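Each chain carries a letter (A, B and C) given by its place in the written order, and its residues are counted from 1.
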Amino acid sequence: MDAVIKTEKLTKRFGNFIAANELTFEVGKGEIFGFLGANGAGKTTAMRMLCGLLAPSSGKASIAGFDIYTQTEKIKRNIGYMSQKFSLYDNLTVSENIRFYGGIYGMTRKDIKTKTQSLLEVLQLQNEAKTLVSELPLGWKQKLSFLVSIVHDPEIVFLDEPTGGVDPVTRRQFWDLIYYAANKGVTVFVTTHYMDEAEYCNRVSIMVDGVIAALDSPANLKKNYGHENMEDVFYELARKAKRQGD
Amino acid sequence: MKQLIIFIKKEFLHVFRDRKTLLMLFGLPIAQIVLFGFALSNEIKDSKIVVADYSKDAVTTKLTDKIAASKYFDVEYNLQSASQIEAAFKKGTIKMAIVFPENFAEDLMHTNKATVQVIADASDPNVATAITNYVTQIINDFNSQLSNSSPQPLQIMPQIQMLYNPELRGAPNFVPGVMALVLMLVCTMMTSVAIVKEKELGTMEILLVSPFKPLYIIISKLTPYLIISVVNLFVILILSSLFLDLQVKGSVLLLVFGSILFILTSLSIGLLLSIGAKTQQAAMAGSLMGMMLPTMLLTGFLFPIENMPIALQLLSNIVPSRWYFLIIKKVMLKGLGFSAVWKEISILTVMSVSLFVLSLRRFKIRLQ
Amino acid sequence: MITLENIKKTYNKGTITAVKNISFAVNNGEIFGLIGPDGAGKTSLFRILTTLLLADEGRATVNGFDVVKQFREIRNCVGYMPGRFSLYQDLTIEENLSFFATVFGTTIRENYNLIKDIYQQIEPFKDRRAGKLSGGMKQKLALCCALIHKPDVLFLDEPTTGVDVVSRKEFWEMLKRLKAQGITILVSTPYMDEAKLCDRIGLIQKGEILSIDTPANIVGSFPEKLFAIKSSNTYQLLHDVRDFPDTASCFAFGDALHVTFKDQSDKDISEYLCAKGHTDLVIESIAPGIEDCFIHLLKN
């Protein structure tokens, strides 16, 4: 596989507490990779390391070909990130937001202009280019956030629970966008609490107590654990978790 | 009642678990007093002064030499004209000017007396006091030297003029000012932030949807800061007494009573600010902008109120610290009793009661 | 227990309408779920019912008391768990609990049996500061604090949002046990799968009620025949089924597509899809779930 994320025994310790324990896995180009786990399992720690935001305690990893210890700035420039908390600036318009984030990632003005055009077309928001983001319905904001996070055509985009609290129709439209991005070759690394969304992924990993307890395609996981859906697979693995706090 | 006590206990827990706030509450007053106290108490050497000698006789030359020889002064000889000296004072390049009038020695011989003008820049009153004292000492010394070699006592009298700050406000001025400022800042800012914090976190919602009376919420929010401020007050008084040699000349009880009134007023202002503010930052900004500036400028400890334009003088009447400042000066520094401060006490009482009632009424029992 | 009549709520001087015209009632001792996405108006409704906000129009009562005129009585007898975690982060579990007990004029001892099941799960951590708890534990603590004074009605605003699957299941078990004690519960959630755990549900979107009934009845009133279609290439399947002329609606549901047809029959699609090269094709008729109903109601 053409690995854009490659980790080998990636570990993070906080004092005596091992938040992430010898994580070893690979994610291929254009793959939709679901990163699941209960609260406190170590998901957030792992994601922060992969985004270049947290230095690992030991182990190796390369993101988009860049080393996780020595090239974190290059990593940050070549990935996209979106979370529920990360949002666009409410008091800027749609196109101002695109321009701002494009600028942050070092895109040229010409590129930003063309990108803005194509983004607005994909979302059918051409008429809303000059609307303040605060006036958009939540569903549009989420979708726009996602596209803005890949405005600079990164190799990988990290999505941290991007569909929380959104209505079912918008949620599916959002996943249409994820498919659209994956088809263009962007690797999508997504965490979610919606188990049906786990099914949309090519492969899924489930973290429990700091280790990866399972990693496979949803179909294989269901077969191996003898369950009808991902929710039951997850439930079986997560309820054995010892960690409750943090 | 028990509810109230438990609620107050919880409030104390909040206060003591927030390290940054603790640092401010206790560290700030101490730091300020120590700074203000010690920063101004160093010996002053090598002050730049000018000797303008319009007589240029043997006596003046000798005296000038003596002054120049002192470690306290650095004599600048190049400025001689009155306008040059004035300009230098304005620029701040000299701290003092010693002016010998014409016919100095002659006057001394004929009348056994002569005056020398000593003009000091008193915008830094401590420095001015110190250097005029040094010069006076030198002159007195010179006097006795002269007198030794003459049948009659010769008196060179320094005529001291303090520029820019004729009343010489120094440490006795700063301590009351700092007291007012610190107490006001702590009470207003901390209280307003505490209440808004509850709103921001969302815990206020749960408190409102409960039998707990809003009055209790207010009282429990104010109480820790009231008690801490009184403690701070005593710390300041003790430190002032120990390090700055500034004792309370009048009744301590009266001073504490006046202080508590002022604290209550500041707390109520903090309360009012919190009702309007939506975020802690807004509360802080409101307290700083709304209270610190007027307090610093219009209390009367940095700039005399009498010298201000009428509009500002009127404005200063509604600044509570202005009245508190008077109470402290009269009770602490001049040792006066209740009869001297009844006016200020009444004003503060009216202010604190009306502000408290006002904020109680405006306290929002709903979220909007 | 709870009644709402023509409630309307706007913000920002009337420019934003959060609640358009809502009327419904919650019966004594039932678990009523308000199901809908963010921005539907759930939190506004909760705040109106717990007397924290005044509605622009309409009336509402809780336990027989009017939300405007008798707000004090309501505040004495309800338990409220607001959307965000709203307990004191720098106080420990135990301190939070005893504080709220005192605020309501009771003690932990008095109503311990009510919260025992829940509290025992977090009791080993009782000296830990609330800010340092995981999402699931915070929910449990918040629930204990809302229950400690044995309220008649419990208002839970999105208690399971952002909490993992395991804790969510446990939470609903706890709610069932509370219902057995006679407490009326009004709970809101964006998770459709939690709907079937309620006695009755109200589907809400953009300030309007789409439907109110028992989960079974809502599902039963789904007007069309629903089919689930699976193949080895779900993404391609999505396009192909959407392109099929007879398809009325097609939505992804995990590894299957939920499809309705204009003529209510799936007879031609199997051939069509095989021709497109789909392998492992499965087409079966299924019973709709709440989410299917919600999507259907949203469309119309």
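In this text, contacts are C-beta pairs under 8 Å (C-beta built on N, C-alpha and C of every residue); 3 or more make two chains touch, one makes a residue touch a chain.
Please read all numbers here as calculations on a predicted model, not as lab measurements.
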Pair with more cross-chain C-beta pairs in contact, given A-C and B-C: A-C
Distance-maximising chain from chain A - centres being C-alpha averages: B
Between chain B and chain A, distance of the C-alpha-averaged centres to the nearest whole Å: 58
Inter-chain centre distance, chain A versus chain C - centres from mean C-alpha coordinates, in Å: 26
Chain centre separation (chain B, chain C; CA means) in Å: 60
Where chain C touches two or more other chains at once, by residue number: none
In the complex with chain C, residue positions of chain B that touch it: 2-3, 6-7, 10, 13-14, 17-18, 201-203, 205-212, 365-368
Touching residues (chain side chain A, partner chain C) in the complex: 37-40, 137-139, 161, 164-170, 172, 175, 179, 193, 195-200, 218-219, 229-231, 234-235, 238-239, 241, 244-246
Chain C - residues contacting chain B, complex: 47, 50-54, 71-72, 75-76, 78, 80, 82-91, 95, 98-100, 102-105, 145
List of chain C residues in touch with chain A within their complex: 36-40, 125, 128, 132-137, 158, 161-167, 169, 190, 192-193, 205, 234-235, 251-255, 291, 294-295, 298-299
